[in-house]
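Quick one: structure below, then a few questions.
Labels for the chains are A, B and C, by order of writing; each one numbers its residues from 1.
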Amino acid sequence: MGTFEAKLAELGVTLPDAPAPAANYVPYVQVGDMLFVSGQISKDGDKMITGKLGDDMDTAAGAEAAKVCAIALLAQVKAACGGDLDRLKRVVKLTGFVNSTPDYTEQPQVINGASDFIGAALGDAGKHSRSAVSAAALPFGVAVEIEGIFQIG
Amino acid sequence: MGTFEAKLAELGVTLPDAPAPAANYVPYVQVGDMLFVSGQISKDGDKMITGKLGDDMDTAAGAEAAKVCAIALLAQVKAACGGDLDRLKRVVKLTGFVNSTPDYTEQPQVINGASDFIGAALGDAGKHSRSAVSAAALPFGVAVEIEGIFQIG
Amino acid sequence: MGTFEAKLAELGVTLPDAPAPAANYVPYVQVGDMLFVSGQISKDGDKMITGKLGDDMDTAAGAEAAKVCAIALLAQVKAACGGDLDRLKRVVKLTGFVNSTPDYTEQPQVINGASDFIGAALGDAGKHSRSAVSAAALPFGVAVEIEGIFQIG
């Protein structure tokens, strides 16, 4: 087990298999050392984490959903690295979309669920730039979708 | 006619001229072999394809609008390649914004209109990462806007 | 004072200090000559510029908010360049999110507040690709959030 996955285990997280999209696109594309990972929705195993912030889901639950997206992103990075997550050099950018009402204002606290997890799991390699905004709606009614750009070696 | 444009012709698609924005930005910027293309709205010739998914436009019509965005993206890539679309090496990333109501959930099926077209037209070079989310609203009331990152040679 | 900052001074703009996020992420990440800057919200000094386009803020005020985001982006670029903004080679891509009602259609005119300023300040280096979409809501209720990709030397 690599260093990053050992740290994930300490945090109680085992990366799931990285699912392939059920459509005409792929989970990630690598160009040079840059890896572009498709938007990962808040789906824990087979269970969609649905909800609209500001309506039927609170910020703490939203942050948990964002963490699930971050785990899914790392699972894709691991797959892109041929199973060796330690080839991840840097989380470059996360863009987080929060399914919310028009008057919701705690998008950053929701996406912190992903940022805090990545910071805890990856240390300096996890220091990322990011944006956090609301989407009017998200696929399947999920609460959060996050896409990412990563540098791998 | 290059390979990709011959395939487009088979699919009944002729790339339009690539319009320049009517403002203080440009349709694309190239850095090394990476090409960043500005968001292309669903506009067919001079006709804006307007609508809000979940309200006055259905998913099938949304997918058609997404295909129009994909054609506009390829037109910009062709222009960036000095007219030779075969210099396109890979569609790296598409980010699709769907103009929808707050309870709409079929963003992926809408953006499949772009992904399926690009898959049919470009084969392996068209295998892209992507995100599909809803925007609260889009310029001119269009149904779909898609931006893209491409690798060109 | 460098060339770009002299031009900014002509335009009456002094770049503020570049604030660090109050959370587990960073304002920018550099990979090679590419700089990814976190989404900058419309915040002038300590004052959040809040509002929803199509409701309690008009397009001209939204464009002013977008300019504030552009100034914040350049402040981060300057910090990433060790204080020498002239190391900025190119504004590659801006993605602008406008806090708006579902029927608002002037997202491009709002984000022009950023694009026009960058064009005036940076000339050819400021010619960028961009997308302009609405977000259902934004952090703290701000009117605009803009993220950027830059090439630096």
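Throughout what follows, contacts are C-beta pairs under 8 Å (C-beta built on N, C-alpha and C of every residue); 3 or more make two chains touch, one makes a residue touch a chain.
Not measured: the values here are computed from a predicted model.
The two sequence copies subunit A and subunit C touch through a face in which the numbers common to both fall below half of the numbers used overall. Fitting subunit A to subunit B on Cα positions gives a rotation angle of 120°, stated in steps of 5.
Our note on geometry: subunit A versus subunit C, Cα centroid distance of 25 Å, whole angstroms.
Shared interface positions of subunit B, defined as residues touching 2 or more other chains, are 95, 101-102, 134-137. Per the touch definition, subunit C reaches subunit A in the complex via residues 23-29, 31, 36-39, 52, 95, 97, 101-102, 134-141, 145, 147. Residues 33-34, 54, 90-95, 100-108, 112, 115-116, 118-119, 127-137, 149, 151 of subunit A are the ones that touch subunit C when the two sit in their complex.
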